[in-house]
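Take this structure first; my questions come after.
Chain naming follows the written order as A, B, C and D, and within any one chain the residues start at number 1.
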Amino acid sequence: MPDASPAKWHLAHSTWFFETFLLSEHLPGYKPLNPAFRNLFNSYYNAVGDRPARALRHVLSRPTLDEVHAYRAHVDAAMELLLARNLSSDVQDLVKLGMNHEQQHQELILTDVKHGLAANPLRPAYRERPDNGPSKLARAPAWQAFPEGLYSAGHAGGEFAFDNEGPRHTVFLVPFRLASRLVTNGEYIEFMRAGGYETAALWLSDGWDCVRANNWNAPLYWERRDGQWWHYTLDGMRPVRDEEPVCHVSYYEADAFARWAGARLATEFEWEAAAQVSAIEGNFMESEAFHPRVAPESASLSQMFGDVWEWTASAYLPYPGYQPAAGAVGEYNGKFMCNQMVLRGGSCSTPLSHIRRTYRNFFPPHARWQFMGIRLANGD
Amino acid sequence: MPDASPAKWHLAHSTWFFETFLLSEHLPGYKPLNPAFRNLFNSYYNAVGDRPARALRHVLSRPTLDEVHAYRAHVDAAMELLLARNLSSDVQDLVKLGMNHEQQHQELILTDVKHGLAANPLRPAYRERPDNGPSKLARAPAWQAFPEGLYSAGHAGGEFAFDNEGPRHTVFLVPFRLASRLVTNGEYIEFMRAGGYETAALWLSDGWDCVRANNWNAPLYWERRDGQWWHYTLDGMRPVRDEEPVCHVSYYEADAFARWAGARLATEFEWEAAAQVSAIEGNFMESEAFHPRVAPESASLSQMFGDVWEWTASAYLPYPGYQPAAGAVGEYNGKFMCNQMVLRGGSCSTPLSHIRRTYRNFFPPHARWQFMGIRLANGD
Amino acid sequence: MPDASPAKWHLAHSTWFFETFLLSEHLPGYKPLNPAFRNLFNSYYNAVGDRPARALRHVLSRPTLDEVHAYRAHVDAAMELLLARNLSSDVQDLVKLGMNHEQQHQELILTDVKHGLAANPLRPAYRERPDNGPSKLARAPAWQAFPEGLYSAGHAGGEFAFDNEGPRHTVFLVPFRLASRLVTNGEYIEFMRAGGYETAALWLSDGWDCVRANNWNAPLYWERRDGQWWHYTLDGMRPVRDEEPVCHVSYYEADAFARWAGARLATEFEWEAAAQVSAIEGNFMESEAFHPRVAPESASLSQMFGDVWEWTASAYLPYPGYQPAAGAVGEYNGKFMCNQMVLRGGSCSTPLSHIRRTYRNFFPPHARWQFMGIRLANGD
Amino acid sequence: MPDASPAKWHLAHSTWFFETFLLSEHLPGYKPLNPAFRNLFNSYYNAVGDRPARALRHVLSRPTLDEVHAYRAHVDAAMELLLARNLSSDVQDLVKLGMNHEQQHQELILTDVKHGLAANPLRPAYRERPDNGPSKLARAPAWQAFPEGLYSAGHAGGEFAFDNEGPRHTVFLVPFRLASRLVTNGEYIEFMRAGGYETAALWLSDGWDCVRANNWNAPLYWERRDGQWWHYTLDGMRPVRDEEPVCHVSYYEADAFARWAGARLATEFEWEAAAQVSAIEGNFMESEAFHPRVAPESASLSQMFGDVWEWTASAYLPYPGYQPAAGAVGEYNGKFMCNQMVLRGGSCSTPLSHIRRTYRNFFPPHARWQFMGIRLANGD
C-alpha cells in the first residue's frame, strides 16, 4: 500500500521536520547527526531537495531502529537548546507546527500499523485485549435541524491552526439537518444486503469503477467467516458489531450509502456550523480504544468529535483569500487542494489536543485505511 | 486517447439517444432498425444495459458510415412522427434534452477530430483556409471589481437547462475582481520562459506529477519548430500568435499560471455573478473560426462567452437540493460529480444556442483536448 | 489489440517496403509520392528513422484509402521501371524479400480483420457463405515414429528463404513420434471439461498467470451460447465443430493440453525432419476457406502444411552461424530472437507459394490471434 | 523489486520446505509449530495451497525474527529425529533436495541483501573491508577451440542433481570457440563509450525496449561520480576496476555486448562441453569475497566456475525425455521452462558444493540483480 509507511519512517520523518525547519535554520552551530538524512527522510517537500521514492520507505533496513532513536535523541537535545532561547513568534509558530505535524504522524502510525498487520495472513493483533462483547443497540438517529442564514467558517487566527483552516469567512447556508449520530455497521450491512455494492445507480461514476476494479463488497478489513462478518481491529480479528459506527469506508461508499438511505453527506460548512454547539470531547487516541465506540443513547448531536473522521460532501479547496505559509512549509497543505475530499472531527486515533472545530483533514475519495465513517445529512 | 471518439460514433450515439429515450418509450409501434444498436451505441448509461468498452469505438468498422446514416434517417423519420403527436411536457423536455445532447456531441466531433488529426504525424488540416497573419496586440487586461454580498446562482427553471444547473440558490461572495479578458499566448509564453513548467512550487501536487509523467512543457498541440512555437489548428499547423487567447491547457496549467501571475482562478459563482452583466455573444461554432479570437480593445469585461471554456476554481459538485432527473437520463450529469472541475462560458466549438449563464461544463483537471483557457481573478 | 493493424496500414506498409528498400536505393531519379510516408509507414526498422507509435495506426484517418491506393499505383509503376532494368542478384533478392514480406502482410490482413470484426459486439461476418454443417468425425490420430540420428535442418540457400531459416546444419535427434493429424476441437473440449483451465499443475508458470490475468477458459473467439460453444469465423458466428482442428490457442494452451494428454509438442527440428516426407499441399489461403479443415481419414501424417500454424516446443533462436542480412533489412528477423516460440507449417491464411519446410514463424507464447493450433509429439 | 525477498523470509521459507515436504509427510506424529506457516511461507507451489502475494513478504512484520528462529529450531530438532530413522531412498532424495534448495536461498540472501542496501540512498555496506586497490590488468582473452561432433549433455543420475539437469542425451555441435576468460569492466566500458546503449542495431528488439523503458546506460549498481564509474558492492561503494569481470548485466546487455564485439554467447551445450576439461574450483561463496575476481594470467580456459553466472544463448527448455519429479516438488523447475535463459557455472555467492557441470540456472532476460556476467563465444 503506497500510502502507508513503517513506524520507523514516521519517527525519523517527524524528527527530520524539527531538524530541517527549526534546527538547521534557527539554532546557530547546529550540526546534523547525518547530513544524508536531509533527503532520506523528506516526504514531499520539493523545496528541500530530492527525496526518495515512496516505496523505498519499506526497504530501508538502514539506518536501523537504534540509529533512528539516536537521531531522535540528537534532535531532542538540540531542540531543548533551541527552546531555551528567546524565540521570535515565527519560530514559535514553527515549533507548534512541528508538534502538530508529529501528532499527525502519530495518528498515521496507528493506521499504518493496522494496515500492515491486516495484510498479514496471520492477522496478528497489535495488542491483545479482551473482547467485551456486544453493547446495547444504537437507537435510530434523530435529525438536528439548522436554519438558513449566514455562518462564519474557518479559523480566526490567534492560536495555532494549519494554514488551510483560514481565513475565517462568511458562508450562506440553506436549511439543513444532521443525523444525531454516526451510521452503524448494522445500517451499513442493510445497505450491503440490499445489493448496495451491485447497484450502479447508487454510485458516482468513478466510485462504481473503483468498486468493480477492486472487487469491493464490504468496508476495508471486513472478512466473511462462516456466514458472519468479521473485521480486523488493532486487537485482532473481531466479529462486526451492528451497533458500532461503520468505519474504513471510502468517500465513494459513504456517498453511495447516503444516496441509498435517501440522504446525503453534509458539506464541511454545514458540519462546522453544527459543531459550534458540540463540546470537543469523545473517543480519541487517549482512550486507547483505537476503535470507534457505540453512540450514547441520546437524540442530541453526538460523536461529532473522535470515533471516525466524517466524510463531507466538500472538495478540498482553498478558502477565499487563502495564502500558504512562506517557504518550504508552504507545501504543507495548499498543494494538495485538488482531487481530495474534506473530512471533519478527528477519530479514535487522533490526539484530543490536536483537533479543532475548524480542522480540515483531506483524502482522495478512494482512501479507506484511515478511521473514516459516515454521518448523514439532509435538506430541510 | 480514450476520451475522444470517432465522428461516426458521435453521430450514431446521438441518434441512439433519441431512439432509446424517446422512440422506444413514447412512439407506439416503433421498431428499431437494429435492436443490437441499443447496447452498441450506449455511452455510459448503466440503466440501459451492457455497453461496449470505450476503446472499441475506434475499431467499429461495422456498421459502416452508410449504415449509420440509414440509422439516422430511420430515427429522423420516426422522430417526425413523434413530434406530430400531442406530447406531454415530460416528453417535450426529453426532446429538448436530446437536442442539447446532440449539440454537445457536435462540439465533441470538432475537438475529437482535432485530436485525431493532430496525432497524425502528417498534421493534416481539417479544412484549408488562408492564414490572416497576426492581429493587433492585446492590451493589458483591466480588473473588473465585484462587491461582497449575497448573489443568486443556478438556473431558476422555466426554460430548458440541464439538471446540474439547479436549483437556483443563494451564495455569499467576498469581494473579487475578474480580468477583463482571457490570458493570451504571449502571456503564457512568458510563464514558460520563466521556467513555469520546471518550478514545482507553482503547481498543485497532482499537477506536478502530471507534468513530469507526461513531459508537458507547453499547451497541447504546441510544437517547437526552428525556435518558434507552432500549434495544430483545424486549419493545420500555424505559428502561435502572442495576442490570441491561450488554449488547450489543463486545470493544472491554468492554476499554475495563475499562481505565477500572482492571481487565482475565479470560482464558478464569481464567474456567474460577473456574467450577469455580459451579453451572451462571442466567437461560437457559428463563426466557423474553430479557434479562439483576439480580445477586443476595451477595458470592459469581454470574452465571457465563446472562444474558450474557462477553468474555474470550483470542483464539480451538486448544488444544495440537487436531484438528478428520474430514470436512466438521471445518469446524465449527477454521477460525474467527483474529481472534476467546472468550466464556464462555452467555446469556439460550442453552438451559440447551447450556452447559458448557468451552464456548467466539467472535466478532470488533466484534460486539455477541449478548447479550454484561462481568465484570472483576484481578491479585493 | 496492439498487435493487429488496419488493412489500409498493411497495404501502405508493404508498399513502403518496396519504396524504402528498392526504389529509393536502386531506381535512379525515383521521387517519392510523399516523403513523409517514409516515417509514417515504417513498422519497426530503427535504421530507417523515427516511426509512429503502433497505436497510431488505428487513428490514421489520413492519408485516406484513396490516397493509399494512389501511393500504391505510384510505387507499382516505379517497380515496373525497376524490374525492366538489369538488376544485380542482391537487388533481385530484395525484390523477392519485398514480395514475401507482402505475402506475410496479406496473411495478417485476414487475421487482423478477423480480430477487429470479432471484437465488434455485432460479430459481423467478413463474408457470408453457407454453413455446410458437420463433417465426418476425425478418427483417432496414429503415431508416426522417427528414429534417432543425425538430421539436417535449415535452408541450404539457392532459392529464396528468410535469413532466419539458415544456415543449414546438423542436429542430433532422439527417437520421437508425431501425431498423424492436428488436435481437434472435440479433443480440446475434453480438456476443458476435465478442468484444464482450472488445474495449475498442467500449466507453465507464466501460462497459469496469463490464464488467470485474462480469465481464459476457452480458445480465442469462442463464446458459450445456450450451453453450446460457438466461435467467430470470417463467415460469422458458427457452432464449434468437434471434428475440426482446434485453432486460436496460445503456446501456453498448446503446452498445457499436451501435458494433460500425456504428450508434448514437437521441437522445430523434429517437425522439420518429419516434414521431409510430406508434400507441401493443404488448406492454404488459396482455398479461400479461411478456416482449418477436418483431417483426412488416414493414419498417414497429414495436415503438416496449411490449416493452422503448429506451435513447437522450440524457442526462436538463431541457428549456428546465423548472420542477419546487411543493412536495415537485417532487422527483419534477427532482433526478435528472444521471448518467442517457433511455429511451423503455415495456415489457412498463408499463401501456398509462401511456405517452405524450413519456414520459421514465431510469436510470443501468449499470442492467439493467428491461426495457431496443436500437433502432439511424444518420445519413443 | 518484486524478485527480491527479505532474509527473514528466505530463512522461513527454506525451513518451510523441510517441514512441508519432509516432516509433514514422513515423520510420524510431527506437529507443526504453527499450521498457518504452511501457506504463509509457500513461495510458488500451487499444489500446496494458497500462498500470499509476493509483495507481502516485505511487510511481514510478524512472525518476528525471533519467532522465525524458533520455527527453525523446531524444524531442525524434528529433522534430527527424521534423519535418525531408516529412510527410503526417495526420502533421502528429498532431504538432499531440501539442502540444495536451502543453498539456493543462501545465494539469494546475498543478492537480495545487496539489492536492498543498494536501493538505500545511503548505500550502506553489508560489511566493511579494506579496498585492496587495483589488480594487475587482465590480458586479452585467448580463444579455446572445440571441434564439431557429438557430445553428451545433462546429468547421468546416480548422485544428486535437479530434475532439469537430465536426462543425459546426445547433442551435435558445430565447431566453436570460447573466450578463455570473462569479459571485464574495462571491455564493457569500451562498449559504453562506443555508444552501445544508444545503438539500436546492437540490441534484440525486446532488449532495446527494455533499455529505453528503464533508461539503462550501465550495469546495475553503477553510478557516475565526478567523471568516474563507481558501483555498489557488499563492501559499499567502490570504484569500478577495469580488470574485474563485468557483473550485474542482463541477457540483453550480454547479447548486445557480444554483437558489438563481433562475437556471440555460447549455447549451454557448448559451455557444458567445454566445462568437461575444467576443474570445479574458483571464487565461490566460501571465499567470502562476494565479488568477482580478476582472471588469472593464462591463456587457458579459466573462470568457468564461480565469479559470475554466465549468460548462455540457450532458452531454458526441457531436455528430451524430461519428466518433472512427482508431486508438489515437481513444480520446482519444470513449470518455469518458458521466457527464461540459461546461465551456467555459479558465482561468487554460490556455495562450491552446490555447483555441477550440468547445473542449469535460469532467469528472464531482463534480470540483473544476480551475479551475472559474460563470456564470449564464436564460430570456427
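Just so we're on the same page, contacts are C-beta pairs under 8 Å (C-beta built on N, C-alpha and C of every residue); 3 or more make two chains touch, one makes a residue touch a chain.
These figures come from a predicted structure and were not determined experimentally.
Within the contact network of the assembly, the step distance from subunit A to subunit C comes to 2. Most remote from subunit C, judged by the distance between CA-atom centroids, is A.
Remark: subunit C and subunit D have CA centroids separated by 35 Å (rounded to whole angstrom).
One inter-chain figure worth recording: subunit A and subunit D are separated by 46 Å, centre to centre, where each centre is the mean of the chain's CA atoms.
Mean C-alpha positions place subunit B and subunit D at a centre distance of 57 Å. Shown for subunit C are the residues that touch two or more other chains, of which there are none.
Looking at the complex, you find that subunit A touches subunit D at residues 36, 39-40, 52, 56, 58-63, 116-117, 119-122, 124.
Of all residues in subunit D, only 44, 46-47, 150, 169-172, 174, 176, 200-201, 203-208, 251-252, 255, 313-315, 317-318, 320-321, 330-331, 335-339, 365, 379 touch subunit C in the complex they form.
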